[in-house]
């Protein structure tokens, strides 16, 4: 796959756009295994592209693979397999999307498919102003659907000061019909518990170490679930019943670690 | 595949019927590779069955494999792969079918699909009365189509005395629109030449040693043709241009032998 | 039986696999220390249901795993890798109360100094299996594959040293190159081929082993349906492991069980034993 | 290049294959006397485009074939099987004027005393290749496969004895059993696995050979598209043979040629040489 356009979102986050029918058809929340020759392979949520026929990934540079992908310029080649996993189920009515960091990426794709929602709230969390992205895009993707976009930064340099969870209660009071979340696991854990305790259906896209992406290697296990095939999107009730969610994950060796 | 019914045609020829959708769908002239566990595997033209949903093979016992198949009783198991090869192209109008021995089998299947012909002549050759078969069946398969069935025996014990080729000239004088033949190669050679020299389209189903049936092994070559994939049914003009037709074949080792 | 390295690092997942109908599970091959394994890509498809992997024996280490299995009473076969008899002995000792059997991995085709490189040295194989047998109070299996020493010799050495069963086969050393990237797909270059493509090779190995030695053979390689499982048994396997085919399809164990039962009924077999090696008679 | 044993017994068919775009053809492996081979079934499908065959090296014998090729000027590589150096020498002598090269089959996995059983004896391989080199006035290739002796050793012995190229690989010894008949499908029981399932194994062998020896490697095994052919070249093959995939699809040679040309253009390669072994750099 050839990268056709690169967008700098923040100093550490880029969106890479490319033409591919298969990825363009991915459902929101599905992911792909993205190979950066020489650098590695990693799971990436399929991101929305504004251009028809295009798909995208939004990547933050962290380790070798993500940095390799981040550094892939226009014209660069990547290998993509998938899409894999379960997607968000888009429900009707009023929707609340809560995302942190690159976890916004599947939510953006979901937003681009929420045309029949009655109202959409998007809650975006970041550490600081420079790391805020997708605010403008969220507005464009929401299009005609009545929407509100709220940004929080931990240092208060942009939007409201604090964490997304601080804003959450108020927005849940407005009784959304469905909550969708993706981001750091402690954040998702809080969102899932808060929504579920009020009886509001919630879905979260979970992250684990992935090697195969297709349910062979077991590296992505979370309790008895395999995040790659049973998820990455899970229903909130299911997650609450899974004692490993929000608590432990397995590193690359399979050693159990705290989230 | 389980054999459901066995018909003794002559002291050395039997028809084995079985239920199989794939073989039931074989076109007339196509063949299958039939495995008789323990005895061998051999190419067999798919034969017509009067029972709906059934297909059949008609086998003369000769060597190990054909005798193994011949000896397979009701309830016996055979393995079948295929159908393979090109089929007879059924043309409109007046048809002449010329067969010898088990070469009648693909012609019978063809006859069962000639419902739109205006007239069908069937010319059956055998050595002696006891070896005549399919005469009654040919009549039944022709059904409403006006038809004539002529049998020749070399010893004159049944039908007209002589070889099929002796009757051929007279029947070609009646200007059939198409001639179809299957049987011993010298007979087919004569039929093809006679029909072609009068400008009558003729198709023949050729026999060669077959191991794979799918164009891999080359054992069935006749000139540059592979009988398994380019045939077994060939157009007469093509056969006349092939210097090996009617002249030489390769035995199991690939050694060239006279037909 | 679930093959080693497939879904094999968590007790919760084992329970799910057992619930789906597997008679036993084999753990990911464990080493004395935790191993990260190779970096991604570690797995790639090769067509026809085949997979090429070089996970690099990533595992949390024997101690951590022993802790997980302890007292759970699971029918878990603990797979072990190492280079010397003492390593195996020390790992085996960690598993008092937790292992139903041990499987010595003599055949991983893509990690240096362990697996195949051990299997390729029949003398060492004999020492390891003897030592493991002495240390273990449960059965010890030896898992062989196609290496630079003929697997028949490796299996022979293991059998002579007292192995209770031979598992055959592991993945087959192989490689895929991406023509656009012009590089091997796996980060390690070489990997092991598994899935339906290797089934006919595995069936042949099971047949050859069962014909040659008296020790029970556990068939592994490309089994993805009940017919494949029966094929292994007819060749001589008294038990069958399913690896790649369980990927994304944990229900396969139940399907295979049901298929085998139906087959046995149709063919009048009273027990699995009657089928083992039947095609060789 | 058409691989040995595929469509390989008639000059007319060779012409057709060459006309379809093959650069050369390899004959069926020939023995001193004609061989009938095994009785049918000799070939069976194994899924995923794989084939298992035990044709049993049926062939009309070297003399008969030499007569057919004589003076035809075809780019025909004559494949030979035998058990002793003298046999190969006497066969090679029959082919004055008719062979563009010889390929010594050291790797047929299903016939006793020839093929793999010879390849498993590196000493004998050395003798045969030396003798063949002395007798032949055209290049001599040695074809290796996965046997009980590691193919790297066999290839090494052939290279040392002066082989002009190594062809890798032959079919892989394997078996299929029919669960209803409860018997191996092939009359010979064992056969050789070919087609896409073995491609990753063949690519690995080409890579390993090209990395280890200086002698040119001819890639063979599972090539069924231009991508597969390029993959072989990137691994280190300077020529590629197509076997099973040519079955029923002789036009594949033209398709592969066109695909390679397009690829070279897109990637700016001026000659095939630039691609050979590129993935290893």
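To keep things simple, chains are lettered A, B, C and D as they appear, and every chain counts its residues starting from 1.
Simple rule for what comes next: a contact is a pair of C-beta atoms (placed from the backbone, for glycine too) under 8 Å apart; a residue touches a chain by one contact, two chains touch by 3 or more.
Keep in mind that what you see is a predicted model, and the values were worked out from it rather than measured.
*Asks:* Between chain A and chain C, tell me the centre distance in angstrom, where each centre is the average of that chain's C-alpha atoms.
*Replies:* Between these chains, centre-to-centre, one finds 36 Å.
*Asks:* If you average the Cα atoms of chain A and of chain D to get two centres, how far apart are those centres in Å?
*Replies:* 51
*Asks:* So what's the Cα centroid distance for chain C and chain D, whole Å?
*Replies:* Centre-to-centre distance between chain C and chain D: 32 Å.
*Asks:* Which residues of chain D are in contact with two or more other chains?
*Replies:* 183
*Asks:* When you draw the chains as points and link the ones that touch, which shape shows up: line, ring, star, complete, or other?
*Replies:* The chain contacts form an open line.
*Asks:* What are all the touching pairs of chains?
*Replies:* Every pair of chains meeting the touch criterion: A-C, B-D, C-D.
*Asks:* Tell me, which parts of chain D touch chain B in their complex?
*Replies:* 5-10, 12-13, 15-16, 28, 34-37, 39-45, 51, 53, 55, 58-61, 64, 178, 180-181, 183, 185, 187, 243-244, 246-250
*Asks:* Which part of chain A faces chain C closely enough to touch in the complex?
*Replies:* 33, 35, 37-38, 40-42, 64-65, 77, 79, 81, 211-219, 221, 223-224, 226, 229, 244, 250-256
*Asks:* Report the residues of chain D in contact with chain C in the complex, numbered from low to high.
*Replies:* Interface residues on the chain D side: 46-50, 52, 146-150, 152, 172-177, 179, 182-184, 189-190, 193, 196-201, 203-204, 207, 227, 230-231, 234-235, 263, 278-279.
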